[in-house]
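In what follows, a structure is listed as structure tokens, so that the remarks can point back to it.
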Amino acid sequence: MNALADIAGILLGGLAAGTVLFVVSVGLSVTMGLMGFVNLAHGAFAMFGGYIIVLAMNRAQYGFPAALAMGFFGTAALSVVLERLLYRRLYRAGELDQVLFTIGLIFIFIATITIVIGSETQNLQLPPALSGQLDLGIVQYRTYSIFLIVLGFLIALGIWLAFERTRIGGQIRATVDNRRMAESLGIDVDRLFTITFAFGSGMAGIGGGLGAEFLGLDPQYPLKYLVYFLIVVSVGGLGSVIGVYYASLILGVLDFVLTLYLPKGGTIFIYALTILILLARPQGLFGRKGL
Amino acid sequence: MTDIRLETQALSRRFGALVAVQGIDFKLAAGARHALIGPNGAGKTTFINLLTGVLPPTRGRVLLSGRDITGTAQAERVKLGIARTFQINRLFRGLSVLENVCIAVSERTGAAGTMFTAAGRRTDIIDESMQLLQTFRLADVARHRISELPYGRQRLVELAITIGLKPEVLLLDEPAAGVPSAESHIILEAIERLPEHIAVLIIEHDMDVVFRFAHRVTVMVSGALFAEGTPREIEADARVREVYLGQAGHGASHG
Amino acid sequence: MSAAASPTGAASAVSAGQNPAARALIRRHRLRWWEALPWIAGIAFYFAFPDYLGFGCDLLVTILFALSLDLALGYAGIITLGHAAFFGAGAYTVGMLATYNIWTEPISSLLLAAVAAGVIGLLSGLVLLRTTGLTLLMLTLSTMALLYEAANMGAAYTGGFDGLPSLPIGPVFGVFEFNPLYSNTQYLFALAVLFVCFVFVRTLVYSPFGQSLTGIRENVLRMHAIGSPVRRRLIVCYTISAALAGVAGALSAQTTAFVNLAVLGLDRSATVFIVLILGGYGRLYGAFIGAVVYLALEHFLAQIYPAAWQLGLGLLLVLIALFARNGILGLGDALARRYRARRPT
Amino acid sequence: MSRRTIAALAAAAAAALVAGGATSQALAQDVKIGLILPYTGPGAVLSPEMDKAIDLFQKLNAAQIKPYKLTIIKRDSKAPNGAAAKIDAQELLTQEKVDVLAGWIYSPDAIASAPVVTAGKRLAVIMNAGTSFITNLSPYFVRTSFTLWQSSYVMGDQAAKYMHAKTAVVAYTDYPPGKDALAGFKTAFEKAGGKVIDAIPAGGPEATPDFTPFFQRAKDEHPDVLFVFVPAGDQATAVVKTYAALGMKAAGTKLIGTGDIVPDDLLQGMGDNAVGLITVHHYNADLDNPQNKAFVAAWKKAYGPDSTPNFTSVGAYDGMAAIVHALHATKGKIDDGDAAVKSLEGWKFNSPQGPIEIDPQTRDIVMNEYLDQVVKGSDGKLHEKVLLTVHAVKDQCKVLAIGPCAPKK
């Protein structure tokens, strides 16, 4: 019974952590898959959304759901502006210029947040309903983690359905598979990208807010967790929602188990595993095409 | 003279369920001028990729002058004398025309491995490259970047590079593709001026080119050999007309 | 045989010599007058700013590190965010040898560091260089992270985050001591090392080997099609680049008499990456320009207002990426080309 | 005649002017203090706190500082890789010709600067960096901040004696301060008859990990206390959150730690989760002594009612006090490093954190450690209640001469 509870605890903890990774990274995966655009600044959008959400709750006393919505739309709006004004110019540019550009964006975000809001960390004050413990029969576990897992599953399911069922989803899949073909079929790839970019950034924004409970939220955020986002995306496979979902959950649980049973240098295994997976499948676990 | 340069035996390649190339037995004699025609998706380019070692075959063998090279890597085959051009230009767009050829020549001569003498000191390589450019009438643009050339002349550079490798067997994948007809004659002349001893296999849609250039024609349909013969025979072949020339109507009208 | 004419001695030599393209190619590796400027500046700095030599050492180390990256990233097009792995390997080689009083002679230590870093470069290159693009980026990144974690686990030997204090570095040629307060010796030593490494790299990139690296960057498929052993070339290049990065790391350990985990950090990889692309990659002097501009900006903006530094840098990077493809030198080329275009009219 | 008198007058006037100039010079001798702090990078959060404290000290003690005039020259030590801090030290000494060095938030920066400090022969006051053996690296280092050995050792001792804990699990950030905290706690706790059943390295200093798995592991081991060290900052907040969220209190495991897990400036943000936590530290903003009352009051007046000084501020405040003492003791000849250091050996001072002293042997601070409990005050705000005070605590790492802490021969 106790063993069962342990396993349950591990799974719940890991899945919760993984879910945060997923919500933040899913947009990155799709946009990268679509345009092959190396957007290292994705974490900056997550941070931006996170700040909207946390500040909306702490300073303007909005409710959690309302704040999440604001985080999503606020970030999406910002991303559309940046996409139209700046990103667009670099679609045909080399990876290096894209990397340079997005690193530059990160710095701008960090500096702006530091100047406007300050370098101190922001705390997410959870609504009472979500704080504390929840009894699942076999195990008592923190309510918020369970909430995250469920929410993450619903989001994944929703995006997946949108991908498989809707016309836009179909177009996205087609474009990820073969951009030139898609364009010759008359798919407006640029418009498609703007939409997915906005949506993905919005998702990242929500992720930033949801994750603040675990990861904290301060101006250094986009750099702190960049590597994790990239690992998830590359291991999951570009443009594959399912891939990112599984990759995130696997990474979450694995990280959890390792830190639990061999806290010393557990992270080494994470990196080693990433290397092995990418060597075995350069296109990622669920990637349809090379990166 | 039946001195066979390149030969394939039951050469096959499948991609999952799709069979791209199926049991092809094919011979290319020294000095041959051989055209490979067939409708789109007949597997012509895949066939070339199997010959050059870009793809490994799922079945069958490739022989170069009687020697089995089925397992030999692409780079090795080039050293053994198989060179190709691509359907779409694959050039060093950022570099000058001369450099494009120089890089190829210094690979052939093995100079490309040397680290501590400046490329500029290898005047032998530069001279040879210039010679090539002159024979392809590219000397005047030698200094231009590829990206500054019209497509037709880029195709010429593509050819010059492959010739720079001094191949025994030359595989031309639609050399005139995408070249405005005004310029295409430059390409054809260049092809006609190729050294006789080289065995040339050319994939081509344009029947003018085929009839003007080829001594033998092989027709490939849905991955398999369909017919082979002289241009006249092929043109006369009713079945071929039906599956192929029928589609490329104007070619027939020329005959 | 008509077309594939082999070189026919004098006649063709003349014909080639006459052609401007050939002449350009023949002369490209020759020294130009302005190539002396960096070194004149380097020596002038020594006399002009005797109180800034510590900063000067930092600058020289950064240039060397960026130069090593330029070889891999700029010439061979190997996109890596993990180059600090080799910088750190070199730094720790010197650091550990010195701390445990095994070996403190600076020049031979540099060579040992180069070997150590080179070996790591070779081994990782053998495995990683089968991939490209984001996969390669992630693999290099993870390799570096792996080393970082390892160094942290072995904190008992590496000193971990606190580092290895007060490294005893032997005098250069057994004569010139490193004075902790005045970095004169360190600076001249670093300048000399940079010069040697630069000459090496310069020779390399103008050699046929370097030419073929450029070919690989420009079009891998074509290189395969002309029978180039692409992978072997990349591995060789990556190993050399790693060794040079190792020297840079070793040099930083010697000039600061200190090593800690930061030498293996993403921070350092990202910085050198920025420095190089800022200056312009694949053109030798990008490393110099980039390092000078970056460090100068950092120095002055950070003094005005800390956050201003990041903001300014960010804006600069974005502008460079948007309007000056291939860095500051790229911008220079573009302007030059425009000027040439105008001239005839 | 007249011309001569004029000349004489002029000469006299000139002389008077010169003399006047000279005397006024003597009245306000300019003393340059080189301050090395990270204004960019991860440490950027902490530096403003120290700057505030330094400014505040000068406001509050203008009288004591006279006749000297303090000029503070700030340099950014950037990311904690040592290099930048070392260059700062060099340039401050060689360009700015400063009389005193001070600052250092991160230990690696202080460690890297050590050779420069030694060669520069100037007093160098460490205002934060906490790795024990730093003061052994240069005879000119004097520390007014703390070492992790001081708070964690006392915590280990009191966990057994005051809280009667038998078993403990330690979770620490995997970098030197964390390792010191672990060593200090373990040594004292086990000496006092307790048993540390597990020590969990919980991620690095730069990124906040998800503490759930670490605490899950601790929870499953059912210790009496969970001793945690993390860098004071967002990690602290996350620790308190996770402890509450996992319901460990109910499971009978008390969360304890050094004061770093309940820094004064973050305390209010932690909410009720923090209530009841027991920690040991050398400072909290609620300390009841006249110096602290004045200090906190002045602080709130200067920087707003919601802002609070914390232990980093006090480290800087005491550092300034030390410099001013040395200044007077050396009659302004503070640029004579040896004399300056000598004047501080055994120096006593009534700091906001209570009485402190500089240990003449180690040049390290000797201070009180307070066993605090977080309580909710009548004002609805959270406060630290001192349960007991341990007086004149030395850096135990040096007392026990462990590893590099053993004084160099």
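Worth pointing out:
Read from first to last, the chains carry the letters A, B, C and D; within each, the first residue is number 1.
What we mean here is this: contacts are C-beta pairs under 8 Å (C-beta built on N, C-alpha and C of every residue); 3 or more make two chains touch, one makes a residue touch a chain.
Since the model is a prediction, treat every value here as computed from it, not as a measurement.
Chain centroids computed from C-alpha atoms place C closest to the centre of all protein C-alpha atoms shown. Pairs A-D and A-C differ in how many C-beta pairs touch across them, and the larger number is found at A-C.
Work out the mean CA point of chain B and of chain C, and you get 40 Å between them. Look at where the CA atoms of chain A average out and do the same for chain B: the two points lie 48 Å apart.
Centre-to-centre spacing of chain A and chain C amounts to 34 Å, using the average Cα coordinate of each chain.
Chain contacts: chain C has residues 152, 307, 309-310 touching two or more partner chains. Touching of two or more other chains is recorded for residues 44 of chain D.
Looking at which chains touch one another, you get A-C, A-D, B-C, C-D. Residues 6, 9-10, 13-14, 16-17, 114, 119-121, 123, 125, 131-133, 140, 142, 144-145, 213-218, 220, 224-225, 255-257, 259-261, 263-264 of chain A are the ones touching chain D in the complex. Across the complex, chain C is touched by residues 39-40, 44, 76, 78-83, 86-87, 90-91, 93-95, 107-108, 111-112, 114-116, 118-120, 131, 137, 174-176, 179, 204-205 of chain D.
Remark: chain C residues 1-8, 12-13, 15-16, 19-22, 24-30, 203-204, 206-212, 214-215, 218-219, 221-230 touch chain B in the complex.
Interface residues of chain C facing chain D in the complex, by the touch rule stated above, are 50-52, 54-55, 58, 152, 155, 160-163, 165-166, 179-183, 252, 256-258, 260, 262-263, 265, 267-268, 302-303, 306-307, 309-310. Touching chain C in their complex are the following residues of chain B: 52, 54, 74-79, 83-84, 86, 90-99, 102-104, 106-108, 111-128, 130-132, 134-136, 139, 142-143, 161-166, 190, 193-195, 197.
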